[in-house]
Every structure is written in structure tokens, then in C-alpha cells.
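Notes for the one structure printed next.
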């Protein structure tokens, strides 16, 4: 199983991505570079969520707490206490991991059904928004503004633009590789067993608590780190974006539409839907208010009706039909 | 009355029933035997219209019903008593019976049918207001059969009616089956209990891995060595 | 579905290819005779009300400027507006601004740009050095951002404080205690912080807070809380929507034990009567209530009265509130910037912003600023003050503060 | 004491409308397992339809019901038949995402037609008050309260004693067995969804007097509804109405006695606690 991971790691595709990444960004106008960066942020976030939502089947809407912690707490620590943002990133990640462990434990301890878990995590997400709104240290409803990014690496600054692109590319690839690694490791196997039949998993002696907590902690810490990097790029720590249920609802949308539980599915969904949303808004935002969102909604519905198992499986099917031999790898 | 011609049914492109043909005349009890996974339940559900066949035809009283929906088949009198009873646990016995006769043909005769069913199963009369989920297994089986009768069945298809019942109840249920037969009802009986089926059915089919392995009058089937083999799933 | 998969695939890849190729297709340069102004507004989403009210007024003024010969110092150049929608999400304000600046090549940027959007926009403006006029932000963190909004501190908070003290000291209202009743969002919280300190410093005791949940559909509970605290005055920044709910709640509880002072839209928008209905409006707006506003038909300012009439009768706008007037004012400010700027280069425009001066009495001054309209060092208005009005039963406003504009004395407590 | 009673009245009145909003979602979840994230936007749709009817024909929202209920019912039926029915048998989450897409379409469709300004629809009862000692309540709220409970009871009776109601319950308890009874499961699911949306049209009209409406309000209603439905045990009407009252009361008491952050957290906190210790919701029976 490990071999699969190393094979992926050694795949020539990465070389192509690397070359493209080195060549393309300097050529891209700033607005399009921004869309690329944004897409990478959501590729990373959707892939991080997939570890829990896709592989373990726990549809967590509480991830906005982890993203929000990574973003707001590291910013507040820097602005209010002068803590270096690298350290802030670590502190936030540890706290997010702890929150994740707690949520996984609650899920296990109270034997929550799927829907109860969704709704309880949604309530956590809403509570997170209310708490940040009312807590001055984290900036309250006004949010916090980071100092300008001057490219000082030691201060967690990457110079915006191309620097941010590389950071997000690394995070996105790391997030995907962690997916591949888990899928090919015993953890991935256990998670799928738990997802498909928790009782059966328990009957054969799988330590459910351990794997649920492991998945949630990995996913939470990863989301937190991405949150920190994202806020550094945005520079403005906006609670209504970073700690709101809306961000997580979007991530779940990307992951689901792309293909849940697959290593590349969520990334695929984000890569398609983020640019689509941005371009639609750019082209149509100045016309009839709401039109671009309306069309986006129609596209989402159409895509789901057309490929109810996710886009990636659909594309694989087309691909395998065209080249039947390539169909064996999943 | 019922003719099944070269029926092939399956899920996700994989056939489970492979070329099954059978017939049932009016007023007959036909037994359908076979090991687990032989395709008995798939067959009965195909007859009820729950699965669309991949090929083949089903005719009922001379009418081609292959393309009919489950609802239409219930309306022409093809009624199934499913495996495991599947009564509606949160509803009262009375409500379960009323639901049995919910199809357009039976709806208006419900009071009459209800009397008939309660006369057949006096036990249900006592339990009319009770939730079906609280009944014993045997009582649930009575209810399931009663519910099917409410639909004014012409062809009654029973899927494993003896499953999980005490010998006493099994006897009782088969007594009822005989009585219904005597009243002229056509019955397709699916059973694991070989001897019981052979005793009550006039003709039998033995399914083996989705195909008819043996067919014929009950005594003939009984003595055919292939029956035992198919039945043990060897 | 009538679309087949393949058709959809072709269409979808078309959209994708188009978006990938778009940056490499260079747009022909804009004609010299037009000046492109990017307008990034919240046309959809939770804040849509602000921009949707202001946008028509803004377009009207720009059209008028163009019709009257455009920007004369630039050879009669016409202004072209390039609209964008940030869907009420600050991160998208930044995205859209970036697009307008780098793709649409706009020469100036403006829009609702509430405070959160202003913050999100700051790094983009600093990076791309684009002179920008916000219609509503209460602060300006980028060197390139100017704003017409009331500064939180010396604008909103100071005006409300001054008025409360005026009521107490000059008008002999009995005001000893206050409850802070404000919309619980970024501007509401900011103003509240400053106002809290100022009132305390002036000897008014703050006996409680009643933040209004901006998502709530009913504020009765908040009003019950206020009633139980029974302060002499309830004061704070309230959005138009929360204002409607707050006044309604006051009507429901028939509560007249406190004086309600606040602004802006939630206390003084002309549309309040329409939103509350005449009966409720009469019962609560005309009793123990004073609203902060930047404009009022009743104020003794000719230019202000003229623009209100014009927007109503000529532009045929059905909703003329704070938003519409602020936007109309923004149109005039941009006009002056473009007229006085030495060129259309960014540095020149920036200088022109710093020199903006619409003195009191100027026909293009639509908001009530006794000292006129200029930007201070911090790029906020020098004169951040506002008026206070009271409502009359015939749905008119009377200015009661400050003295410069006052038509009448505040109605005594009922 | 006056505050306590006022909060009690407020909580009960508002809570009953939450319950009414949630009845339809509970029904739909029961028979088709769909959790509809566009629920709140259908409420918006109902409200804006009333607004349109007021603008065009000067109809009072209560009178508009004659038109909005059938219209919304038909819309609901079409939505289920063409959008949700094809998703039967697919992942729960995919269906949720589809309703999210629908939410975007509805919300922005409304925005395109009506604009984003807060809008008010006048009604004859809008400013009427009922004064009971220290407690003042709004007549529209009282009407909403009464109708909510009447609807809940009516639905309960319908489910118990009509063939349609029994088919709904049969599909809910065992869709396979229901199909074997000759019940057209898709049809029942479609009609139930249509009924659920029709109920929303009533809820919308009841909530409308005195509420400024905006296209973006949908998600808020959806979240409240989800919470109430979950509290009620998803399919139990008594539980759902009770869930509505609990959320309504906790909002009222939270705002009045706690104010600020803590007050706004209260409903969510109570929800989480109930869900943890009574995951089956507020039902009394342990079965199902």
C-alpha cells in the first residue's frame, strides 16, 4: 500500500506542475494570479476537509472553527501580543487540533448519528461566529488588519502575489499528498471501514475512537495552518469570511461536487468551481444584481444532476471509456 | 394465470436471475424452492415490479405486465407478502390493514375485506388498536397476510412465511394458506422449508444460482436428486 | 434535462478555456475621451440595501455631469462607470477591486466600501496604488483611501455625545443614565466603544448594553431588556433594518420611558415611515426620538433641499435615504477631484483628493457640514459632524441640532 | 416579573412560528430523507410572493394565501419531481448540495426581481396589539401562534386518519413495504414535498406582518429550522413544535437576561446539550 504513495510521489505529473508553477505566475496578470491562488486555497481546504468528511464520512461543518482559529488567533497573537506569526501558526494549529479531538470525542462518546453530527457541528460553527463577534481580543465584528506583507520570511511574510502562490501551492500539494498517504495507509482503510459500517468495524475490533480522533486532528490542524496562510495573503482577518459557516458550506460543496473520499476529488471540485464563481462574478457582477450567483447555482444543480457521484468519477468514466487500459488505478 | 418467459433480472448490470421461466395456473399453489441467494426474492420482487427486468416477459391473466409499475400490478391483483413481514411498526394493526387495501380497486371494499380478514385471524381482532411493532412474530405474519388480503389479491406471493416462527405458528399459517387455496386463491409460495412446501404445493420450481434447476409436480421434484443438491447449494 | 452531458462538457470547457485565455487577450486601450471609474458595490448579499439605494443616485449624478459637458479641465472627458459586485463579502471587494484596476484599467475606484470592505481593500490599494473614494467607511487605513463616511470617533460618536450633552445641559433634559443600543456589527461596535468612553467622561452613567442581533427578525426581546433597565437615554449606531425592528418593538411594548437617540439610517431615513407604516411611525418616531443624519429636507441648506427634490422628481428615485445622498455627494467629490487634478496620473489624483474643498454654501454640498467638505490628514472628513432631527406627525423632519441648522428646539419629553 | 412574563409570551409566540417552519421540513425528511438547505429561501419566496401580490393587487398577506399556497405547492412538487427525485439513492450529502444550489438560485432570483432593499408588506393587523396586564403581544404573532398549532394538529389528524396521511407514514416507516401495498412512493414523496412547501407559504404569510424582508435572509431561517427539526426528533410533530418553543424561549430569555454574546450563544448551547443527551430529540417514546 505504501508503494502506491511513493509511486504518486514520484509521478512525473509533479514535475509538470512544478515547471508550470515556475513559468506561469510571472506571466499571469495580477487578477488571474489571484484567482489561481484562491483556487489553491480552496483545493487545500477541501482536501483537508476530505480526510474527515470524505474518508471517515463525518460531515463536519465545524471546520470553520479550525480555519478561523488559524486565521484570527494567529493574527490576534501577532497584533495584540507581538507573537511571531510562525509561532502563532503552531499555537493555532495545536489549539485547532485539540478542538478537533474534542469534537471527535463527543461524536464517539455520544454515538451521534450522521445528521446529528452535521447539525451539532453546524451549531458549533454558528457559536464560533458569535464568540469571535463578541470578543475584542480577536477583533470583534470588525476583524483585524495585518501589517503590510513586505516579504520578510521570518515574520511569516511572503511578499504577496507570487510568494503567496508558492505557499498555497505547497499547502495544496501537501494537503493532497496527505490524502493519498492516508488512503494508502492502514488509517485510510480503517476510516473507510468505519464510514461504511461502524458496527462491523467495532465488531472486528477497530479502535474507532482512535481513528476518528486521528482523522479529525490531522484535518483540523491542516485547516488551521491553511487558515493562517490564507489570512496572511488576505491581510485582513475578516470574521464573517473566516469563521462563518459560509466558508465551510462552500468547502463541502467543492469537495462533494468533485468527488468525496477520493484523493483528488475535492481538489478537482475546487479547481473547477472557484474559478467559475470568480469569472462569473467578474463578467456579470456589473449587470443585473444576483445574476452571476443565479447562474452559478444553476450550474451547481446541473452538475450534480449530471454526475450524482461527483465529477471526478464521471471524468474517470469518460477517460476509461476512451482509454480502457488506464481504468484500473483509482 | 401467470407466465414468466425467459426472465433476466439483475442489479448494476450483473444478472441475478438468468433466464427463468415459470407458469402458474389459476387456483394453484406453486412452490419456489432454493438455497439462500438462489434468486427467489429477486424473482418475487421482479414479479411485483420492484426491479425492471433486463429481458424476458411476464404475463398475468393474458396481459403483458412486464412494463407495469408496482402500483399497477397491485391494482390487477398481484400481491406480495414480503420476507420478514415488513409490517408498519409505528401504525396500529387496523391502520396496517387499511393500508393493505389502499389501491384503487380494493379501496371501496375495505370494510367487507376487513371483516373477512378478522374472521380469518381472530387474533388480530383483539389487537386492532395495538402498534404493529409490538406484535409477536407470528402475529406480524398474520397481519402481513391479512394486509395482502385486504388488497384483494388474485395471486398471493408469500416470501418465507415460516421464517422465524415457532412450529405451532408455522402449522397455523400453512393451515391458513390451505384455506385460502380452498377459497380459490392462486398462491406462489417461496420457502426454505423444503418438506413443508412440497407437502402443500401442487407443483414446485427449484432455483439454483438464478436458474431453474428442477421443475414439476411436487412428488416428482421431491424425488429428483438435483433438488437436494440445489437446495444445499452444492 | 435537456442538456446532454457532452454538450455540457463542451460548454464547461469553453468557460474554463475562456477564463484561462482571457488574461492573454489584451483589451484595446480605453478611448482618451473617457475617464473610467470602477464602482465596487455590494449589489447582492446581506448588505445589498446600501448599494441598491445609492447606486441609482450615483448614476444619476454622473449622467448629469456628463450631460453638462463632462470634466471640462480634461477636454470635456466623459465619465464611464465600470460596475462590480462584491456580494457583501469583503474578501471579494478586494478581488473585484484588483480586477477593476488591473483588467478594466480604471483610473479611480469608488463604491459603498463599508468598514470591513475598506480593511479588506487596504492591501490591494497599497499594492496597486489606486486612489479610492469610499462612500461609507468610518476609517481609512490605506494611504490611497479617502472616505465620505462619518469617522467612528469624531463623526458618529462625537456627534451623538454632543447631542446628548446638549439635551442635558442646554435643554435641561434629565439625563443621567444611558443604555447602549446599537447594531451588533463592525461599525456599530466601533462607534459604541468611542461613544461609551465619551459619555462616561461627560458624567453619564452607562447602565447596560443592548446590542441588536443584525440577523434577528424581531427586536422585542432587546426592547424588553431596555425597558427593564429604564435608562434616561438609549443611544447608538443602528442600521436601517435594525431600526425598523427596534421601533416596531418599541411600539409593541408601548415603551416611552427613555429617549432614543441614534443614527443614522435606522433613526432618520425617510423610508422609515414606509417601512413601519404610518400608524406605528406616528406612535414611536414622533415621541422621544432623535435621529442623527447627514442631510434633511428640513435643514436650512438650499443645496441639500434641491438635491432631495431633484432625486425625487427628476431621477424618480423611490427611496431617498442616507445612501442616496451620500452617493450623490460622492459623485460631486469625484467630479471636483477630476477637475482639479493636474492630470489623470495617480499621484496627481491623490493630490487632488487632498485638496478637495466643497465649502458650506456650495450648490454641490449635499450633506450638512457647517465647515464644508474637506479631507483631513487621515483622509477622513475634517468635519465629521452630523445633524439631529425630530419627526413631525406629517412625516417631515425638523432639525434640532446643531445650532447652525436648527429649525426648532427639541420637543420635550413625552 | 413583567420582563419574565413578556419574555415568556415573546418566546412562545415566536417559537410557535419556528415550529411551523419546521413541520414541513420534518415531513419531507421523514418520507424522502432530504434535508433541504433551500428551506429558508422557500420561506423568502413565499414572503416575496405576498409582497408582489400586495404591490399588484393590494392584497393583504392573509388574503394572498389563496394564491400563494397553491402556487408554492405546485412549485414544490415540480422541484421535487425534476430535481430531487432523480437523486434518490445517491449520497445524502450530494442531495444537500443540490438544495444549496437551489438556495443560490432562489435567493438571487428573488434579488433580481425585487432588489435588495428591505421591503414591507402592510397588513390590517400589523399594528394591532393585545394587552394582557403587563404583557403586550402583537396580534400578528397571536394569529401565527394559533394557526401554527392548528396546522400542527391538522397535520397530525391528516396523518392519522386519511389514506394520504397513512401513505406518508407508510413510506416513512418502510418505503419498500409501502410500494408493495401499491403506494406510488415517488408520488407520495413528491406530494409531501409539495405539501411541505405549501405549509411554508402559510408560515411566510404569518411571519410577514411587521417583518422587513430581504432576499439574503434565507440561510438564517434554514439554520433555525434545522435546529428545531433536529430538536424535535426530525419526524415527531409534537417534538418539533416543542423544539420551536424551546428555541424561541431561549432566544427571548437570552437576549433579555444575558444580552450580548452569551445571550446569542444560549439557543445553540441548549441545542447542543439536548442533542448530546437526547439524540432522538424531544420525543417521549423511545421507539423508532
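Chains here go by letter, A, B, C and D, matching the order in which they are written, and residues are numbered from 1 within each.
Operating definition for what follows: a residue touches a chain if its C-beta (ideal position, glycine included) is under 8 Å from a C-beta of that chain, and two chains touch if they have at least 3 such contacts.
Source: prediction; values computed, not measured.
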item: Chain whose averaged C-alpha position falls nearest the assembly-wide average; value: D
item: Comparison of B-D and A-C (more C-beta pairs in contact); value: A-C
item: Farthest-lying chain, centroid of Cα atoms versus that of chain A; value: B
item: Chain centre separation (chain A, chain C; CA means) in Å; value: 36
item: Rounded Å distance between chain B and chain D, as computed from the means of their C-alpha atoms; value: 42
item: Rounded Å distance, chain B centre to chain C centre (Cα mean); value: 74
item: Distance from chain B to chain A - Cα centre to Cα centre, in angstrom; value: 52
item: Chain C, residues touching no fewer than two other chains; value: 43-44, 48, 52
item: Sequence positions of chain D contacting 2 or more other chains; value: 108, 111, 115-116, 215, 260, 264
item: Of all residues in chain A, the ones touching two or more other chains; value: 133-134, 289-290, 293, 305
item: Every chain pair meeting the contact rule; value: A-C, A-D, B-D, C-D
item: Complex interface listing, chain C residues touching chain D; value: 43-46, 48-49, 51-53, 88, 208-211, 213, 215, 217-218, 220-222, 224-225, 227-228, 240-241, 244-245, 248, 251-254, 274-277, 279-280, 283, 319
item: Contact footprint of chain C on chain A as seen in their complex; value: 28-32, 34-35, 38, 133-134, 140-143, 145, 148-149, 160-161, 234-236, 238, 240-241, 272, 275-276, 278-279, 281-282, 285-287, 289-290, 292-293, 302-303, 305-306, 318
item: List of chain B residues in touch with chain D within their complex; value: 48, 50, 69-71, 73-75, 79-80, 82, 86-91, 95, 98-100, 102-103, 107, 133, 147, 151
item: Chain A to chain D touching residues, read off their complex; value: 53, 59, 106, 110-116, 118-120, 122-124, 126-127, 130-131, 133-135, 245-246, 249, 252-253, 256-257, 260, 288-291, 293-294, 296-301, 304-305, 308-310
item: Contact set on chain D toward chain C in their complex; value: 2-3, 6-7, 10, 14, 108, 111, 115-118, 120, 122, 126-127, 129, 131, 136-138, 207, 210-212, 214-217, 220, 251-252, 254-257, 259-260, 264
